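The structures considered in this document are given below.
Note that chain A is present in both complexes that follow, paired respectively with chain B and with chain C.
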Partner chain A sequence: MPKAKKPQVLVVEDEASVLLTYRLMLEDEGYEVFCALSSQEAEAILARRGFDLVLCDLSLEQNHTGFEVFERVRKRDPKVPCVLLTGYANRETTERAEQAGIAVFFKPIEIDEFLRTLKKLLRNAHGKPAEANRD
Partner chain B sequence: MENRQRRTATKAPKRAAKADKSVSEDVHVRITEFPVPPEPASAEGGRYVYGIIEAKQPLSFGKMGIGGAGEPVYTVNFQDIAAIVSKTSVYIFDPTRENALAHEHVIETVMKTHTIIPMSFGTVFRTDDDIREVLRSIYVSLKDVLKQMEGKLEFGLKVNWDRDRIIEELKDADEEIRRFHQEITRKHLQSTYFARMQLGRMIDKALSERSAQYVRDIYEALRGVCVASRDNKPIGDKMIMNAAFLVERDRERDFDAAVNKIAKYYGELLNFKYTGPWPPYNFVNIRLKLERGTAS
Partner chain C sequence: MATPLLRKQLPDPGSFVERRKSVRDSTALRLLSAERSEEIFPILLEEIIALGFPRALVLGVDFESGAVRPVAALKYQPNQLQRFHSQLWAGENPLVAALHALKPALLSPLGGDREPLYCHPLLYRNRNQCWEAERERRRECLAVQNFRSPHKLQLQEQVCASCGMRAYAAMVVVQVGRDPKEGELRQLRNLIETANRYLARLFKVEHYYNRMRDMDVTISQMHTVMQSMADPVILTDGHHRVVMLNRAAERFFKMPEGVTEGGARAVELNNLYFSAALSSMAVSGVESHRDLTLVDVMEGEEVLFEAVCAPTFSSDGVRTGMVTVMRDVTDLRRADQEVRSNLQKLRDAEEIVRQDRDRLNLVIENVGDPIVVADGAAKMVLLDPLAKELFGMGDAPRHPAVVRNQARLDAYLTAFTFSFAEGQNRPLRLHNPASNNEIEYAARSGKIYDARGQVAYTVTVLRDLTAWKKLEQLQLERRMLEVEKFAATGRLAGTIAHEINNPLEAIKNAIYLLPGKLKPPAEPVYDILKSETERVTRIVRQMLGLYRNTDQVGPFDLNSVVDDTLTLFARQLSTASITVEKQLGKLPPIVGSADQFRQVLSNLVVNARDSMAKGGRLAVRTRHVRATDGVHGSVNILLADTGCGIPADMLQSIFEPFVSTKGEKGTGLGLWIVKGIVENHSGGIRVRSRQGRGTVFKLSFPIVR
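Up next is the complex of A and B:
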């Protein structure tokens, strides 16, 4: 039986240790993870390839925001599920995300719920069961 | 431009001190731009400049000029230095693969017999006289750089690591990480954001320390066989070292052997990408600051 293709996830976060934490957590769950430390890095990666799912911190380097990254993602493929990670979003930010169909997770995130949501988003977007879980 | 020569590194470490001295020459030169109105491009409108060498007599290097027409490459001399040039009908060159290779090919050819100060890709002057004027204006600086670079070559060394493998090693070998990881697993702390973040920080710190140690060891192993080194920013998250080394031409084999030795020592843990010889791009930095003025 051919091996199922791992869902490919881009994670954008400007703090290296936090980025690594997401990577380890998601890899443990069977995702193939690509990382970017800045919106600029994310832009460069997105210019080359697409992803099944994109996670991005709200505050990035030099006043850049996660919304810029999501705009780039959606320009490439409007159906890609996007998740905004933030510690301090105000109502305006949350509404903007909701209007754009972007899921929002507040830090500290509840990890089990977070992982369940990612699977659900993938299932809804790609119309098939998520194959991310190794178990 | 790593399309020239990729050397395969294979062998092991010997400690020495880091080769951290740099002879990077940042010559900031002011030249007077003569108020000559731009001329329309003619069939041989401009002069593409590849680099500067020491030469008392005019030289030619064959028909290999940039632009695809096989223009002769020759020197424009001023006293005992010369610019390597070819005629061109365009002033702005796109950095296409073909153009970049043509530029590199000329430099590579000249390098076989001369020490060259490479010019940036796309440097075009209007006439031979303009080039002579620049050579005259910065003659002292050029001579100084040529003297410093005489008989030296640059080599590039990029080192990538298998980070996932190192992380697995750290989970086993690093006492603190191992204990914390076991605790998270045993007590089912996976759902605790802060515990996960703490583990991530511990691993990130250990990775940074491990990477810095590898880089130090590599520099130390190469210190004795190079004149200087320059640390550039690694590209991507798999690269831990992106360095340039300045090596005496007659020590090229020693440098080669030292790189192979340390690469072999690290085996599959680290991947060495070794390129060169190059002209000393990373060790010569001549910036021409054009200053408008009246010709006297």
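Up next is the complex of A and C:
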């Protein structure tokens, strides 16, 4: 089996069960999924390598937020599409995300729309459909 | 041509007796030729002289004065008559005595006479009754009585009981020779008696003639009286035939010259009505009256009469007819009717006034606020029981606080009464003697004007502001509590939702991953899992929306929120072939949470969209409504769809939580949240809906400049 050029996705989510479902869904869609349960883990991974797409929960362990993770990602590569997942984002949060060019999804997410949006984001960022990379 | 009976009585000439008879007959014929009573005595005296007596005279009795004096004389010198004058009561006079004796007498020579005097008293006497007595079949005719029993008679009683005739008394005095022969005297006596019979007959005729004249006068007087009466008077006989009517009656019952056909009919009708009325009145016998409507032939107007009818009787009690007098009561009745109706009106008005007064009293007693009515001079006229407590009235010793209250009220009333203001609304601090503390009242006054536009009364209602303020405070607190409750509910819902959110996310994602990994029998279970999880997801989303948007309060432009929301849903709406009609007025900024408004609008737009599955129209309008005072006002939002509408029985409960018209698809929280947010902003929401036609939501938010 040749090493496919799968889009590499980082998912940060403090709830393990949720993280697992995201991973399974995204792998089904043909992504290569990397998981982190906290911002610390995420930072550790990000220190090692870059990703095509980063998904991150807003509220992480203790007082850490998804925005810290995104900052880290953008520092490394400002063009990486980012998606914020949140259960109770207020207007301020949403505005902040929009200003930073980060897509926002409210939990519980609409899975189909969510997957469509991810594909679009990847296409826009790399000029080619993610689908093509699967084969 | 004489009848055989008469021929038999004709005189037979020839014998002596026959000759004497003829002499008597000639005397009788002379006496018969007399047409007046006064002609009798001269003829009698001439006949006496013709018998060969030297002289004779007649003494008359005047019953009025009692005088006895000569009324006729022959062969006497005037001076010789003087001694025959006397009086009826002069009994010592032999002539008067002879008169009273009522019997012929031969008196010895008197005074200057040398020869005796034959005196023959005359009285009204006859064998036949007077006509009156004859008609009335009475036996008391004076003439007959005098004829039958002359001795018992008194000269003073010479009045006929039947005909009322005042009879005469006289005495023929004849001078006779020294020794008069019996034959001569008999002849004289016969002559005088014959003359008396003729006299009596003429007297009777004259009496009846006089009576007739008197009656004529009476009749003409009665006629004049009748004619001069303004009311119609009608005289009828026993058969109800009109005997006589006066001019006033002719106007109604007599056909005038050249009358029209209608007039003639009117007269006929009047006569008909009258005889009918007369017949019915005649039955009742005594004086009776009834109403009768007749037509005035000349004027053509109906006249209402009151006919009074009385029967007439002859002197012997026989009913001879009726007299009817009619009184025009048209005006009287009209006036009477008017008076009656005026009286009724007055009573009605009085009743209305009484009811009004009672109602007013009831109102005043039950207002629950002190009421003071003062007159145009700002003097208290009427106080309700509550006002009496405050200001006192009557002689009871006054509480110093009451006196102080009175002074304050007087100042207030005087200022108001003499001001130009129609009404006034001012605070007034008064002391309550019962609770012994100061109370702030809002005095509200109005004026009542009299017909001249002067202030007649002022009415002042005092409203206890402390109580009112307390109530207002209470209401505010209750409202705050409601808001707080809603916010707390929202927070709780948010917290719960948040806690559920993550596990739900995991479950949902897991279910998404399941397809293809299940055995076919488990597929229905998978479907249940999927749909129920989706429902939970929707509920959690709504709850989170509520919780999310509780911060950031400030002034914002509602129109832009509307714009944003409609833009957000633009694609969904056009996909569902719903056209949007947007009409946004110029609005002042609203203070509140724009996010919450966004959610309100989103929820309402989503509902509208869901109600129009086959497309339709959604109208969204905003408007600024200014209040008349220029300070207050409101911002109104209207959302109208042409969707399926809300069933009438659900309209009451759509704002309650977990009530949905969408079945499985809805959470039943949308409108509950909408209402909560609207009320959080002191606004109001109203809904109008008709099934199959559409639904209109109207939101209104008060703004203060």
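The criterion applied here is as follows: the second predicted complex is superposed on the first by the 127 of 135 C-alpha atoms of A that agree within 3 Å, B and C clash if a C-alpha of one lies under 4 Å from a C-alpha of the other, contacts with A are read in each partner's own complex, and residues count from 1 in each chain.
FYI, contacts are C-beta pairs under 8 Å (C-beta built on N, C-alpha and C of every residue); 3 or more make two chains touch, one makes a residue touch a chain.
Keep in mind that what you see is a predicted model, and the values were worked out from it rather than measured.
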Touching partner for A:C35 - first (chain B), second (chain C), both, neither: first
Partner chain(s) touched by A:K107 [first = chain B, second = chain C, both, neither]: both
Chain B versus chain C as contact partner of A:G87, first or second or both or neither: second
Which of chain B and chain C A:T21 touches, first, second, both or neither: both
More chain A residues in contact - chain B or chain C: C
Common ground on chain A, meaning residues reached by chain C in one complex and by chain B in the other: 17-18, 20-22, 24-25, 107-109, 111
Residue ranges of chain A in contact with chain B within the complex: 16-18, 20-22, 24-25, 35, 107-112
Chain C residues within the chain A interface of the complex: 494, 497-498, 501-506, 508-510, 512-513, 537, 540-541, 544, 547-549, 551-552, 594-595
Interface residues, chain A side, partner chain C - complex: 15, 17-18, 20-22, 24-25, 28, 87-92, 106-109, 111
In the complex with chain A, residue positions of chain B that touch it: 167, 190-194, 196-197, 199-201, 203-205, 207, 237
